[in-house]
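In what follows, subunit A forms one complex with subunit B and a second complex with subunit C.
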Partner chain A sequence: MSIRKRAADFLLQRGFAVVFAIIFIFFSVATAHFFQADNILNIFSAMDPLAITASGLALVVMTGRLDISVGSTAFLSCSIGALLIRDHGLNPVLGMLLVVGCGALLGAINGFIVVVLRVNSLIATLSTMIAYRGMALALTDALLVELPAPIRFLGNAKLGPVPINIPIMLIVLILVHLLQTKTSFGRQIMAIGNDVTVARKIGLPVDRTGFLSFVLSGALAAAGGVLTTIENGAVSPFLGDGLEFTALAVVVVGGVSLLGGRGSIFFGIIPGAFIFEMIRNGLTNLGADPYSYRLVGGAVIFAAMYADALKSGRYALRPQS
Partner chain B sequence: MRTAQTLLRMDGVCKAYAGVLALNHATLEARGGEAVAVMGANGAGKSTLMNILGGVVAADSGRITLDGEEIAIRSPRQAAQQGIAFVHQELTMLPTLTVAENIFIDDLPRRGPFIRSVEMAHGAERLLARLGCAISAKTPVEQLGVGDRQLIEIARALRRNARVIIFDEPTSSLTKPERQKLFNVISGLKAEGAVVIYITHFLDEIFTVCERVTVMRNGETVWSSLISDVGPTRVVQLMLGVSENEGRIRTPIEAIGEQPVLSVRRLCREGVLNEIDFEIRRGEIVGLWGLLGSGRTELLHALVGLGPIDGGTIEWNGGDGPKEITPERLRARVGLVTEDRRGEGVLLPLSVSDNVALPNLMSLLNAWRLVDRVRQNALADAMIERLRIKAADREQVVSTLSGGNQQKVVFARWLATSPRLFLLDEPTRGLDVNAKTEILKLVVELAGQGCSVLLVSSELEDLMRVCDRYLIISRGRLVGALPGSADVDALMRSIATIKNEYEAAP
Partner chain C sequence: MKRYIIPVAAICLAGVATAKADDLKPLKVGFSLDTKESSLETAWVDYLKSEGERQGKVAGFNFEWTINVANADPTRQAANIDDLITRGVDVIIARAFDSGAIGTSIKAAKEAGIPFITFDRGSTSGKPTAHVGGDSYDQAKTTGEAFAEILKKASVHGKCIELQGMLTDINAVNRTKAWNEVGKATGQYETIVQVPTNWNPELFLSGLTNALNAKPEANCVFAASDFAFPSIQAALEKAGRWAPTGQPNHMWLATCDLLPAAVKPMEGGYIDVSTTWDAYSQAKEAVRVIIAIAKHEDPKCGPDGCLAKGRVVTPATIKDMPNLWSRDYK
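This part shows the complex of A and B:
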């Protein structure tokens, strides 16, 4: 194998780590504040809602489908919960459970449209993305829904130096990771992502699994929304705006193939979410134009997609013997 | 070895698709510890019969008994529960999952919610060991070759203590050593008392692997016996039936003096085509005669670059002397009519006129470099008249035409480019007798006008009505040639010769 080919292979296999390291070192050197324990914790804390949402979305992507309604699902679920807590005195703990349940229900609607009505998942969730957001805006009159003070206090809770939401995020991601790697359901998701027709031929419950992946995606999107809401102490009309694309980018950058059947939750989503939050944080520390974040983020997504395309091409071209 | 007892019996199985009878009181009997070959030409009904046994489709009537007990099979899952395993020709592997996961995917061993990975890996390795295969159970399947994947597929079948194992063309994509390995596995299964049902197009294999043979034709079981009671020629005769001679459309011509239009030298593709040497002269209809899977379609595809080639040369004589040509450029010079006319031949939602015009648009442009509607219509009308296409008018949508007329549209598309050579792959597939005759007449007409034709057909009767000579293909190798005057027996014998390259099962 020539050195050039070996280098190309290395970049494809380890490209993510290389890019990650370069960006990390660049920010550490270029800014005084970036490489400090509490800033790193900040990044971890800020990426939590994104990571949780992306982990749910990843389950759908692994089946070879898409769910771009996650941002609107989070917004609508949280709006309903927040309104009930503020206006009807609902117990906040019950309220959180209700929000997650609501997300699951909205996910179930997506699942129904995709699995039962056989609508392409991109189109189905595009329509619910618009519809859910519209419903939430109507419910809240597009105004901020503020939550009572005790909940706002919760947003600043810490375990020692560590904000409480970091361990919550880690626990959720470990659970989703175990679900994906160690249960029949998780393996069935991967089987569908490999080839739906084959999975059906083998006799796997293709439709049930596909449906449940949307339910989980909705529930986890709502859970991510809960973390954002607690942090802000309010549901803003911009909650989850654009989240679907950032989450999808995290999923892809984290190495989950859009073709389905390939990828890891814990070892993909956490670095994926971290790199996005790190870029935002680093650019802020640099004092860069806030809009430059989008440009850099776009470049990272493109690089990840391109690597994914190259990699899948390579797998397909590999001779079969 | 256990005493051979009847294990499986299928009686009076009927199945119709949209009114067309695919199986007409078909029967099959198989004994434990033996392999039975199920043979038949295309459309003979063997796939349908196996799909019924495997639970993929439901029979309209008939009974299936296993070990003396009548069983009902309504789904692949039920078939599996009855101990019937189907190893499909198209493997059902999930490439990114591991070997163990692929074997156990439809029933993963669990403790609580979690998969018992260790136990599953041990189970997988035990099953694979039975098949004489030592792949690590944790390897992702995408890193394995086709042979190994097939063993994994068999292991999945064995997991449920299969009593009946159906192999549907298991060797079509295997290398020679892989094939030998598979045969050893099959004899192992027989030794364990399982019923093996073996479907293949390769005659030599059944004499190596099987004890019994059942031949099907037109949905009926026409022969069942010990394999030692028949020879290869007999099997071919049974498969193809005695052809009713419809009479030749033209007597064979000998185009000796004519220049070759196409000369192919030492064309090969690893494992598929082997040292193919032939030429076709002007005005000649050459039949490429071989069983399905003999490499006949692959040869046509290789000639026009639809399949890769590893070596060899193709010479083309476009009227100005023979010149070497690449398959990709040859494609632009020949008319290719494939068996899959709906998929590859015509654009169903478009009109006859549009279909005919499509490969010829460059010659239909007007001064503005736009397609000249008047000239397009003239071309379409000319073709409809020349080929006697039965359409209401040139604007009729092709999907509403009959099969024979759709096929004529395919010819029309190519005719307008006036090719000197036609490659025809099963051009009469699925057509009724009259439409068949029409198409064959058309072929002869083209040859009369100086076109050369290389014709592939599973139906010997069709070939025998038009061909001037035959090339015999078997296992990707041209194994002989026969003159146009050859009779049915000679043609059947020619493809029934067997080179025994396998060891008999131990």
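This part shows the complex of A and C:
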């Protein structure tokens, strides 16, 4: 094999990693403060809610389905929790557990619609995305729901120099990763994503597994919402707005196939979420034109996806001899 | 004799007063609200009524309000406006839920010979008789001018982080334009980094955190709106820059709107200046326009409508500023 061909193969196999490295090196060289420990921690800290939400969404995507209601699920769950804490003096720890429970319940509704009523997951979660957001806006009167000051301080809590939300994110992602790789539930998810007909034929609990993937997606979206809420000190009407699409982009850029049956939580979601936050952070460091953020973000997604698509389909794209 | 004169005089005066009230011409105004879910809408209604009474008396009108709420439903709003037309109101004023759908109602009102005023949110689907709203350009201009004065008095040259709004929103575009024009004109501050937030509090937090890290020399922040102030506060706390004015690590702060989330921080001296999104001024302007239209006079609006200017507020003036809805309405 020639050097050129080997280089091309390397680029195809490691397309996302190459794009990631190029961007990272560029920002490190071009700006004074990007490649500093504090800033890298900032990036990790800012990406936490997105990474946790994307890890739950990835479980659904691995079964070959979609859940685009994650942003609205986070918003509605957090609105309920924040209102109970603010207006009824609910214990904050109980409040957080309640939020995650609400998320699981909203995920269960999605699962019921998809698995029991047999509605296409995109259509089902599109409708719940609209409905959940509408309910949350009605509950909060579309106003900011501020948290009491003692809870707000948690948002800036640190373990040494490390913001506390980073270890929380790592623990959650490791648990979800272990669930996906080391349990029969995780293997069933991958089997369903690879071929649902075969999975059903060999007796796997396809419906139960699919339903549980939505429950977990809802619970993790709510958990991501809890982190966002604590960091911001309030639930805003914008909470989770557009999160479903960013989370989906993270999932796909992180190497989880939209067709299901392929991908890794820990090694896919973390770099996937990091690259999105890194772009925003790097452009701010560069003092870039505000209009360029979306353009650069879109271009990077395209580059990573194109490289991934070439990697996945390159043999099929070649003219057959 | 005296004991007869006083009661007779009192009766005569009362009679004159009653006659004057009777002289006021009734002016039936229909107000269609898209929603009534925050203290801003409540403040608008109260200020419209009180201004209607005050300005109406001077102009010879007795305002009779009919108010309906569409609960964020454009179809409901169209039906509500039809009701107002059927009731035969003299003027309709409406805050559109959907700028693209309100045109149908404008057309229906015009066909019935009723003048139609859009309020706060304009129409993209039909030309109303007049539009009344806030002046977002002037807001940022007056904020910038007052901020430049504050910095001048403190002998500080501002190196500011600008938290922009959604750049497809004309208010956000106007504010960034005015803020930077004043900075250039006065030379008292400069924007060293612009952070787009899309009006999303999460981006206010992460954007300001990133900017503070990227530009440690920054000593001031301009927020195009302070509705997400808790996120700004969280970012400043994270960076150790959350301190009231007068303390060495104080970050000079200028904002637009002075919404409820920003009232306490301003009272505490964390925000140095803001210009209000002024429910009172807007209501006052709306009543002026209604009266002008009722008198068949030109309301003399600008090309973008009759825009009410906000008022500059500082920690020194916030307590005594009259009719400040974000402070007074909970």
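Methods note: the second predicted complex is superposed on the first by the 300 of 321 C-alpha atoms of A that agree within 3 Å, B and C clash if a C-alpha of one lies under 4 Å from a C-alpha of the other, contacts with A are read in each partner's own complex, and residues count from 1 in each chain.
Going forward, a residue touches a chain if its C-beta (ideal position, glycine included) is under 8 Å from a C-beta of that chain, and two chains touch if they have at least 3 such contacts.
Note that the structure is predicted; figures quoted are calculated from it, not measured.
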Taking subunit A as the common reference for superposition, should the pair subunit B and subunit C be classed as clashing or as fitting? fit
Subunit B, subunit C and vertex subunit A (Cα centres) - angle in steps of 10°: 130
Examine A:T246 and indicate which partner it touches, taking first as subunit B and second as subunit C; both and neither are also allowed. neither
Between subunit B and subunit C, which one contacts more residues of subunit A in the superposed model? C
Mind working out whether A:T128 is in touch with subunit B, subunit C, both or neither, as first, second, both or neither? neither
Give one of first, second, both or neither to describe whether A:T31 is in contact with subunit B, with subunit C, with both, or with none. second
Using the touch definition from the top, say if A:M190 reaches subunit B (first), subunit C (second), both or neither. first
Just checking: does A:N232 make contact with subunit B only, subunit C only, both, or neither of them? Give me first, second, both or neither. second
Looking at subunit B versus subunit C in the superposed three-chain picture, what is their shortest Cα distance in Å? 37
Sort out for me which residues of subunit C touch subunit A in the complex. 35, 37-38, 164, 167, 192-196, 199-202, 205-207, 209-211, 213-214, 216, 227-228, 230-231, 233-234, 237-238, 260-261
Subunit B residues touching subunit A in their complex are 75-77, 80, 88, 92-97, 101, 105-106, 108, 110, 113-115, 117, 142, 145-147, 175
For subunit A, which residues are in contact with subunit B within the complex? 178, 182-184, 187-188, 190-191, 193-195, 198-199, 201-204, 261-262, 315, 318, 320-321
In the complex, the residues of subunit A that touch subunit C are 31-34, 36, 38-39, 42, 45-46, 49, 141-144, 146, 152, 155-156, 228, 231-234, 236, 238-239, 241-242, 277, 280-281, 284-285, 287, 289-291, 293
